[in-house]
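Two complexes are shown next, each including chain A; its partner changes from chain B in the first to chain C in the second.
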Partner chain A sequence: MQNAALVGARPPDTSGGSARGAAFGGSAPGLYAAVARGAFRRYSTYRAATLAGTFTNTVFGIILASSFLALWQARPSLGGYDQSQAVTYIWVSQALLVTVAVWGGGFQDDLQDRFRSGDIAVDLYRPVDFQAWWLATDLGRAAFQALVRGTVPMLVGALVFRTRMPEHPLTWVFFLLSALLAVLVSFGLRFLVSITGFWLHDSEGVRAVMLVVSMFFSGMLLPIALFPGWLGDLAPLLPWAALVKVPTDVFLERADGAGLLGALGFQLGWAAVLLLAGRGAQWLATRRVVVQGG
Partner chain B sequence: MAEPFTTEPCAAEPATAEQATAEPATAEPFASEPFLARTSWAVRSWWLCARMWMRSMMAYRASFLLNLVASLVTHSLDFVVLVIMFEHTDRLGGWSLPEIAFLYATATFSLGMANLLVGSADGLGVRIMSGSLDTMLIRPAPALSQLCAERFSLRRLGRPLQALMVLAWSLAALDVRWTWDRVLLVPVLLVCGSVIFGAIYVGGATVQFWWGESKEIQNSFTYGGATLLHYPPTIFAKELVAGVVFGVPLAFVNWLPSLRILDRPDPLGLPTAFQYASPVAAALCVAAAGAAWRAGLRAYRGTGS
Partner chain C sequence: MALIELQDVHRTFTVRARTGRFSRVRREVRAVDGLSFTVEAGECVGYIGPNGAGKSTTIKMLTGILVPSSGRLRVAGVDPARERVALARRIGVVFGQRTTLWWDLPLRDSFELARRIYRIPDRRYRENLGRCVELLDLGGLLDTPVRQLSLGQRMRGDLAAALLHDPQVLYLDEPTIGLDVVSKGKVREFLREVNRDRGTTVLLTTHDLTDIEQLCGRVMVIDHGRVVHDGGLDGLHAAGRSERTLVVDLAEARPPIEVAGARVVKVEGPRQWLAFPARESAAPIVAEVAARYPLVDLSVREPAIEDVIARMYAEVSIG
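On to the complex of A and B.
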């Protein structure tokens, strides 16, 4: 019961979680599930904004798909994609953009506000794990955004353009798994960025740089397979490849069997490394926190 | 109030959208004054407010420079993507890299200038929600001027600066037969393009009077619009091209004048007059945005909180 009060006092985004606080009876997985549900409900209240964002995703999808069509008309099978695969790439990546938070955001905005207001100190002395708490909110957010911003642009894309849907039904399962791993990797990266706030007071500058790196090296702007020279050799090894490149590869069935397992293992590996690094950074950061009374 | 800096009366709007948008609600005492006087007051208010923000940002000179450089690099990535595309082909939709660089530079410059001068207008929804729009309305300066100059930052110069560099390269690399009308069209294009995007910023922001969460829709016309204009019209469906000629007139930003400058056939086969008509389109956009803003302000009801 003490936990229920505790959740209620937490960041305002988890009002859903607090309402159910009494229901989970204090068990840790129950707590984080309630937090994730709360985040899901929080994002689901902004229906109009979600609608507006979905429209924007669709507009960008149409523009970029047209430009890709022109490129693949000039060079069929460029990068190992045929025309319909190239167009599908755009629509899948638009579906992933907000779900995976390729350009940042989600819990980062909340955390930034809490750095500014000093509420971050309150977060740290609560008997809930700091990293796991924010991961739970991010999973809830991703689940809601996958539901709307992930599906509608894909449907419009499939109606307007000739797209390539997976041939094996199981591919959908692997794609969802890959998208989930992408969210974990993305969270790992964003958590590291946000936690620099403990040292820099304001992580906005680091965030701005990360946005660029992330948009480019995830393959959001252009498939990594098209990068020339050493850039093309390096990019698939970096963690950002796990955000868009791997899930689209899975969706387009560019890898099967061992290749598919390798791709998912690549995501899992980066997720583990980044989450551990985040844990380490959090440990370092909390040792030096100075709370200014006020 | 979250903004400790907004206590000075501030003002403004870009030299663009205020031509037609002197506010009725706040400019009440000036309503009887001639249009020109009201416009110049709106511009001056904008300038006063923008200058105040500039001074506050210049307190952190190193941070400002770093941010400017970061923004230059960031915006260059869009162009890098185009260059990588041209690693794999020498024509896109029948256009060469210098020609597409011209489209890219003109679209990006126009968007960048509009964003610099009036881009803050898209914060209207947040101001309505927090009630801080009321603060602007009781100040003795046009609310639109204040809104547009809010958090004015020269950091946003990164985008137009980078665009000018690409433009210089493309003009050097292009093989254009320069006649007087083509030479004249380039600056006209840059000014009118900025005005059209500025009007879209203000017009889009106005929608937030009725629909507070519409900010993202606006992004599809500003950022989405600029992305559209990076590519030649030949690669898009004719319906889409017609939509940005007769609907949201983005085609007048750079597509239509560029057809004349680069001597390219019009995929829609419109009369040549359209290629010179950007100033007319820009004026119509400003008039529409101004009318929308006034209607929005009239419909606005403060929450009193």
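On to the complex of A and C.
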């Protein structure tokens, strides 16, 4: 937002001096941390949905892992994965699916409602940064989903199938970092989709297209390593690869040293590009509303 | 210095209308057309007008989310569109049909969030929350998720959330819409208290004229983007050329009677209704009726504010 500098500024004291020197209600990071905590608690109130979703994730994981098992029995070391790696790929991707919101959703549903109802105007009255606000809610959401829909399928998968857990303990740390970066990239993509609502009034169509693209190019349907020809060359360069391909590669220790840093850097780069693009779009959208009257 | 100042403010929108398969016509719509008024600190002003009169456009410009096409506009000394975020800390906005509360979480969480958004010092937050909870009767609701609140309870929650940071100006858009009589009473009582005791300037948009009658010393009527009346409620009667009604019961049914300064608008058996200008005294008319006709009983009816305003809208549209 064009007034970003003012967001960080102290508010003018309008209380007639009585508040001077008193403790302020918190800094900007404090606000967004509170927003993230609120989003976490909000998702934790949807117990039935969480249970049903976790169950679905697990069932799908079993079906997919069984078919991958059969496929890799017929074609061992397909795409450079051995059998246990292929099965692990399924469970890690099931854990990432909702946490990273590969299908879209999360704050997108809220924003869509606000565009339809016109509540979006209220958001502009408030002295908060629009993008930072929704990013905070999405991080809160992702943290909750990671705890339940991320861990349960992984545990079931590890118990029922022969999976390949990381050999180096540090890999877990890199994996969590990579998953966090995946959430940032996913947020960046979804924010760009949702903000089209300022022009289109309804981003449903764009969302539907993005869902298909994201399912395919993230490696959610099929590992990108199995894509043929030029598709296989192109897919790893697109931002969607940061959602599932990179975190699973990190988990399966398919890259180390410079390769690992490169993979994380790839995610970080896309996250930065997409978040900046989102800010630009937000600036244009705000300008459009303020100057042209939306 | 006036808290809100508008000088010859215009706002036009370009609307593209389809005229054929591919052709479109650009048309300019003047939503606000030369608006000028000032509001002093501490005033409570009713801002009314028919749908599409330019009320929301005005509020949007006052909050800075819409820039005027031309003219000068100042709120608390700043240009709202240029300093929207800074100004947002000093104003409160409540829309009857929108909510800023966090839908799935307890009411308390939304207030906590407001504390952080507006960086309200702890002591002031506790005092303000305590006062709002008491006046708006929110004590039992703080731990209830917002989605479980009734419309009236939610509205009270929204009012509290908008006032925790001691805004200098409170913009209210239809704050009592859809509320029952008891809830409307509570909301009005609270607003009166905020305006009187806290000195908060209130600009109130509503279609419920009882809100205005009970809260506002001053009322601005806007139509076609211009102020057509600005003054007290009494002044509205004069401006709207409103009429009072004299109802007379005669000893027997008669054809419409003839009295100077009044005209019969309705006859029902021995009872007749006579309309006369609201500014005129009823006494000479009553005297003349009593002198010339067999008068049994009479009563004088004041014009309803709704009728006055309806007539005013109609006149403006024709003129």
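Just a few scattered comments:
The working rule: the second predicted complex is superposed on the first by the 264 of 294 C-alpha atoms of A that agree within 3 Å, B and C clash if a C-alpha of one lies under 4 Å from a C-alpha of the other, contacts with A are read in each partner's own complex, and residues count from 1 in each chain.
Just so it is clear, a residue touches a chain if its C-beta (ideal position, glycine included) is under 8 Å from a C-beta of that chain, and two chains touch if they have at least 3 such contacts.
None of these values were measured; they are calculated from a predicted model.
After overlaying the two complexes on the shared chain, residue contacts for A:219 are found with neither chain B nor chain C. Contacts of A:208 after superposition on the shared chain: chain B is touched, whereas chain C is not. When the two structures are aligned on the shared chain, A:236 is found in touch with neither chain B nor chain C. Judged by the number of chain A residues each one touches, C leads among chain B and chain C.
Look at A:70: by the touch rule set out above, it reaches chain B but stays clear of chain C.
Of the two partner chains placed by superposition, only chain B is touched by A:228; chain C is not.
Once the two complexes are overlaid on chain A, the chain A residues touched by chain B in the first and by chain C in the second are 46. Note for the complex: chain B touches chain A at residues 63, 66-67, 70, 73-74, 77-78, 80-81, 84-85, 87-89, 91-93, 211-217, 219-220, 224, 227-228, 231, 234-237, 240.
Against chain A, the residues of chain C that register as touching in their complex are 11, 13-14, 31, 57, 60, 63-67, 81, 83-86, 88-91, 93, 95, 98-100, 102, 104-105, 109, 112-113, 115-125, 145, 166, 168. Residues of chain A touching chain B in their complex: 46, 48-49, 52-53, 55-56, 59-60, 62-64, 66-67, 69-71, 74-75, 78, 205, 208-209, 211-212, 215-216, 221-222, 226-228. Of all residues in chain A, only 1, 3, 6-7, 9-12, 14-15, 18-19, 22-26, 30-31, 34-35, 38, 41-42, 45-46, 117-119, 121-122, 124-128, 289-293 touch chain C in the complex they form.
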